[in-house]
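Below, subunit A partners subunit B and then partners subunit C, in two separate complexes.
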Partner chain A sequence: MTMQPASTEIASRIAAIVQELKDLEGPLLPILHGIQEEFGHVPHDVLPVIADGLNLSRAEVHGVVTFYHDFRAKPAGRHVLKLCQAEACQSMGSDAVAAKIKQLLGIGFHETTRDGSVTLEPVYCLGLCACSPSAMLDGEVIGRLDDEKIEEIVAEVRS
Partner chain B sequence: MNIKADFPTLIEELDYGTPESKAQKQVTLIVDGRSISVPEGTSIMRAAMEGGVEIPKLCATDMLDSFGSCRVCLVEIEGRGGTPASCTTPVGEGMVVRTQSERLDAIRRGVMELYVSDHPTGWNEKAGTGASEFDVVAKSVGLTENRFGIEGRNHVKQENGVAPGHGSLAVDYIARDESNPYFTYDPAQCIVCSRCVRACEEVQGTFALTIEGRGFESRMVAGMHEDFIASECVSCGACVQACPTDALREKTVLEKGMPERSAVTTCAYCGVGCSFKAEVKGDEVIRMMPYKDGKANHGHSCVKGRFAYGYATHKDRILSPMIREKVSDPWREVSWEEAIAYTAKEFRRIQYQYGRTSIGGITSSRCTNEETYLVQKLVRQGFRNNNVDTCARVCHSPTGYGLGQTYGTSAGTQDFDSVEFTDVAVIIGANPVSAHPVFASRLKKRLRQGAKLIVLDPRRTEMVKSAHVEANYHLPLKPGTNVAVLTSLAHVIVTEGLFDEAFIRERCDWTEFQDWASFVALPENSPETVGKLSGVDPELIRGAARLYAKGGNGAIYYGLGVTEHSQGSTTVMAIANLAMATGNIGRPGVGVNPLRGQNNVQGSCDMGSFPHELPGYRHISGEAVRDIYETLWGVKLDDEPGLRIPNMLDAAVDGSFKGIYIQGEDILQSDPDTKHVAAGLAAMECVVVHDLFLNETANYAHVFLPGSTFLEKDGTFTNAERRINMVRKVLEPKARYADWEATQELARAIGLDWNYQHPSEIMDEIAKTTPSFAGVSFDLLDRVGSVQWPCNEKAPLGTPIMHIDSFVRGKGKFIRTEYVATDERTGPRFPLLLTTGRILSQYNVGAQTRRTENVMWHSEDRLEIHPHDAENRGLRDGDWVRLTSRSGETTLRALITDRVSPGVVYTTFHHPDTQANVITTDFSDWATNCPEYKVTAVQVGASNGPSDWQRDYDEQARNSRRIAPLQAAE
Partner chain C sequence: MIPRIYIPGDSGALALGAEKVAKAVRAELAERGIEAKIVRNGSRGAYFLEPMVEVATEKGRVAYGPVKPSDVKSLFDSGFLTGGHHKRWLGAPDKIPFLAKQTRLTFARCGINDPLSLDAYKSLGGLKGLQNAVAMAPLDIVKQVTESGLRGRGGAGFPTGIKWKTVLDTAGERKYIVCNADEGDSATFADRMIMEGDPFVLIEGMTIAGIATGATKGFVYIRSEYPHAVAVMNKAVEVARKAGVLGVNVLGSPNAFDMEIRVGAGAYVCGEETSLLNSLEGKRGVVRAKPPLPAIQGLFGKPTVINNVISLASVPIIMDKGAAFYKDFGMGRSRGTIPIQIAGNVKFGGLFEAAFGMTLGEIVDDIGGGTATGRPVKAVQVGGPLGAYFPRGLFDTPFDYEEFAKRDGLIGHAGITVFDDTADMLKQARFAMEFCAIESCGKCTPCRIGSTRGVETIDRLAAGIEPEKNLALVTDLCNTMKFGSLCALGGFTPYPVMSSITHFPEDFKPAPARVAAE
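So, the complex of A and B:
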């Protein structure tokens, strides 16, 4: 993986976030959330700054960041569409839903359309099993996906 | 355990699966019908093993806390449902456990089948060593089928379109990491049991490894998915030792196969004195494995002891004796007989011509106790003078003096295990992470358990701040102000009434205490005054003093940053005062602990290497002591102390000292003021160097005797905790003689009647003549592993902690410690202070480590300089700079860092071409002549290459290392 050197501006902003939150109990997750909120992602090369601020090793911070799929190393598209691929949704046809959406958007999971409009991701259970198959678009859950809803979603993210 | 000298087999240590429980209460349970009693808190797995029942396991090992992830060690417990993991389930009174049943067998086989489906190159294909724990468990559970195929998604296939190892999506093949010179990481073999990650965290304390991703995507990676060599890894080897598969494996094992036999021996690097199993195949060491029964290291190691033994077979080793008339001549290879006869003849001639005291010897802190004892015996019995000294002169001689004066014994007060009971650790002028790594790991473990830390050091070392370590107080004092700052700590303790009056009244001389207290209470010793001259915030001094005095068990650990000063002995006394004043002496968790630099520097001091002391620190002027040796050796001993190393060199320059036998020490590189050392050596007529390599000193030698490595001889080393550890021969001496044999040959050649058949006989002589060693013998050490002196009738198994009920000298002695600034001062010409130290991967003058792959981590010495000082001088990182002092100048490359304060620069001394000691001055400790390496006023400026001295030196060194080609036999 190529590592871009963190610009001093980003690094100092990150250091400020670390400084602000480091006295919380278990400060690493709040700090990562804070960074993702501000930058839309957690740049790989800022992990040493966090590690230094919390007296952790780079490896530990890397281990935590990669454990949580929600922390992304690169900026997402303008929209983020998550399709549930867990057991209940699978039994209600989530495979077919995913295939259709992939085809309409022209991307696979973990990819972003070339125009940067949308990023597609699998998710394992949104707690919406009663309304399978389900999805989440920009933080809003959508249940009982069918062709019509799929078209609607695609139209919305394309607009 | 009794290990015979001829060791035909590989020592297998039992792995109990989980650590020992320290609980007092015993619990009895039944495992597979056997009744077993173990301490409360023991795991079922360990209890079973102690009762002789081995439960299959993958993620458990007794070096690590239990984890419970592999699901192989399941058992059935009567009256409980399910199949709990035996590693995480503690024993209970009356518990009835079954480790074998059809159900358990089926579950274990099923789990192993899943593992092998994702572990394609292991199992029955005998990949790697074919002898890993994983292979053994697969066999023991009777795994015969694999219904899931071997095309593991994690391990072999590379998915299209996804870059290998890309972020959290690493669901594919990751190439082998061969970046570390000593071991390989093959992710395809990894079963993600986390043993390596936990070893790096719990045992080593570096936290360089992690599990990346989650679920099926989980992979072990170093750093942030970096190559091992680029990560935070310090190559201690704990992960390799912990790995139950061949994912992490020594390259030597992969290349040459598993070793066949082993012997337990002691590392020849630092003063921690780790025990290792030297594992051998044929006549080659395959690997050094840390020994779990080693009392100093408990199964841990660092990059030097574990991996950096390649110097023993390096092509630079000289295997034939050599002589030459003049140092400008090329060397001539000769037989041992000729070399010994020539040396004896020269020494006799010199003594006849210039007098009895015109020759002397230097003992080595790298050699065994027995060898050191023989060298001082050669000088005293054979040369008939006391001109014997040792390299401890230049490192810990002030420790000997300071602790001797205050407590009555010249050694640390504790064992390393004591740190497990420490509440406040004080580190003064030492960087154990670099110089005593295995002790540092133990200390860091204690810090993670909540102990507090105070660091006195001009640099912000790894002990001040690194992953999971943060000093509560860092006092970044200016080099040379130790005494002032320590006395100021005492000022706070006395004036704020933090001293332990009951302890002092009982154990020390109260009048002396009162005198000392009135001295330290003077306003000139207040933090406010001292703060100004030392550059330390007075509040930090006050806070640190309060914490040490009242924070529970306070233990002081110190290094050469204390001793190598013009007031080194005073600093040691100031430390001893602090411990007495606060009652931090004589029980586990406290004490005064010098971190000794070399493997046997403690031993070489114990063995009478100093010109004024016979073995056991008994002054040469004592008639009764001389009597013992005079009777045994049949000669009259000189009752006047002989010359110290610097005095020998001065006398050589003056023309009265003409010959020297130097065993295993490179005084030209390691001693201060290189030019003076060179002049002294050049003025001698017979310099005998007994070493592995043509070291820098050998440039001025007339006789070279090839030395033997610690792998090639029997003997003992004594570590920093006074522990006498066995060194066992695993290879024949490459140059025919072990060092003790060569010394014996020389002694015989000058007419002494020596007839030692084995080093154990030398130890018997030491025991017979030295009260503190009276109970020591090789038999005892074979039986119990190791003992800490004093070991005698009163303490037949040695003395882990000293001064328990009273000080060795009787009453502890408080001594006034007046601060006298060193004569070495900064001024307009030399405005910066240079201090020196070490780095983890290199050792001392580097003669050994430079001849191993360790140079990958440190290929040159760099000058650390603060950005502010660098900017003033227009220096950029990596620039060549000229370093100038009143003594000389040298050049090296700059490393710009704020680890040093403005006004302070720092370098290491591992590489001879740097010649850091051309810069250091000849100021030394007032009591012991220990050189003031740690303070030199210098100037730093831009440079475009090596100095004239470096160029001349280089040429001289090249010339003097020529070896004449052998004449063809007629």
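So, the complex of A and C:
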């Protein structure tokens, strides 16, 4: 029951986000982005709050949240590292880059290190296809990954 | 005159260290007590030269690249503010062969100036198309776009003017212009470059589309993988509103048009137009059956123009210089120019805008300079993850919608990925199926189930299990997906798979070691 006040607080903040954006045309995606931006994930137990606010069924909101790769059910690590695994990066050895980073971090794709420092994800194209292989660390883009850059990234997420 | 230094703020340049270069330049200016203005321009698209720093001199712009932060001190020592010689010296940017050989119509301004300066936009010919359009009858605008021969640059190649005519002719109390900026195809970055480097050309194109069809509201749906593009577009819309380019009286005319920027959420299939519309409405990004066409029942059931970024960004020059001017470029039924994005394992990667008609070989060998690794080119995938792999034997194919279709390929959004001879085409075919399985919206069976079965069957091929039977099975499966899928995701996944099998059969034969072991 000690969790009760905290989740009530989250619910009221989410209700405020819903209230702020509900008059947009097609407000659900902007609302979900707003929630994820604030909380780092979209807690599934608050989906009824969104459903109520938009006069949708819980099933509809659940269906939308789970359709899109971006929305997380649980918080990510302190850093999020996305490695491009699409064709242009494949042609420049993104497989080997991914294998090396997985080995250095000790995790696979869609996993978070035990200390919560970093979540590793594949991404299918960052639009940096003439600077392959590429990655995105916490929204910052990195191109032409080589051993030196990989080590810099790993050191940064570990610090 | 205060010196002006141009350092790109484009994602591609940032990914190659432009921010660190900018920081080093600022530090050096401070240390030397020099007053200068740093302009964060877009990229001209020669990514092998990024970060490309330019300075404005009395004799025009002088470029240096690729600049590393460690070069900055010596650049100042060499007098680069007045165009001094340095090992990174490239001379006048428009004389750099990669840029000089291009025909820049849509990308005429991209990378030259501060993307958020409306004055700079106007000084380089911006808003002339819109000024002409506000004085014209909607039907005349539609006619001009139709006559230009402009076809959808998103990949389908449908004539833009005909789409607009349908929306114009459909009655509706509210109509929409939707810009598809969900550029998810690997090897493509043209939409990103325009949004980051010349956002007003897209806003101008969408506004013209609104006036031509009677739509008063626009949406740009940008993929979430493009945070920089989202930021620039949001700021540009604000600037355009303040300047009266958007609003109730577009450029002082009685036409009303405004727009919003929306962000996707990591679903590749939302690049398909009907799935994008569902996503904008706040639904799962599931494909809709057609008919009804979006032009008749689109966003929220209202008549909707949905066009790719490059289609819309090509409209201002058509309205400025006329249909005949644009149509004069190109070949056959592919008129105008196409921004070809040369990517992957290539020496000179970047965006190359040219009239339709160059051969694939010219693009890969002459412009792209072959592979970055220096090994022979094995395959080139044209048109993103749903495009076919072309072997060197088909390098005489001209870049044209119909010519590529004749050879069981497509130009798609004009991205090309170069692979060297280390590429394993069975692996690439498997990836095409795997990608389709990950990104399928799940609505139709051939795509949802077919892609998963495709991965399994190719895995059996790789393991040498009944190769002939499994090869026939993949071929049959591709046939089902091609003709039975609702949209291009399931329908075009067979292109990379079948082209790999057809052109690179040796990669699908059981490994000799495995045969010997049996």
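One rule holds in what follows: the second predicted complex is superposed on the first by the 153 of 159 C-alpha atoms of A that agree within 3 Å, B and C clash if a C-alpha of one lies under 4 Å from a C-alpha of the other, contacts with A are read in each partner's own complex, and residues count from 1 in each chain.
Assume contacts are C-beta pairs under 8 Å (C-beta built on N, C-alpha and C of every residue); 3 or more make two chains touch, one makes a residue touch a chain.
Just so it is clear, the model here is predicted, and its values are computed rather than measured.
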| item | value |
| --- | --- |
| Partner chain in contact with A:Q103 - subunit B first, subunit C second, else both or neither | neither |
| Touching partner for A:T8 - first (subunit B), second (subunit C), both, neither | neither |
| First (subunit B), second (subunit C), both or neither touched by A:N55 | first |
| Partner chain in contact with A:A130 - subunit B first, subunit C second, else both or neither | second |
| Subunit B versus subunit C as contact partner of A:G63, first or second or both or neither | both |
| Subunit B or subunit C, by number of subunit A residues touched | C |
| Touching partner for A:S159 - first (subunit B), second (subunit C), both, neither | neither |
| Touched partner set for A:L47, first subunit B, second subunit C, both or neither | first |
| Overlapping contact positions on subunit A, where the subunit C interface meets the subunit B interface | 60, 63, 67-69 |
| Residue numbers on subunit A that touch subunit B, as the complex places them | 1, 44, 47-48, 51, 55-63, 66-69, 73, 110 |
| Residue ranges of subunit C in contact with subunit A within the complex | 11-12, 14-16, 47-48, 50, 183-189, 191-192, 217, 224-228, 260, 262-268, 279-286, 300, 341-346, 349-351, 372, 381, 384-385, 415, 417-420, 423, 428, 431, 435, 438-439, 441 |
| Residues of subunit B touching subunit A in the complex | 163, 165-169, 206-214, 221-225, 231-232, 465-470 |
| Contact footprint of subunit C on subunit A as seen in their complex | 24-30, 32-33, 54, 60, 63-64, 67-71, 86-92, 123-132, 134, 136, 139-144 |
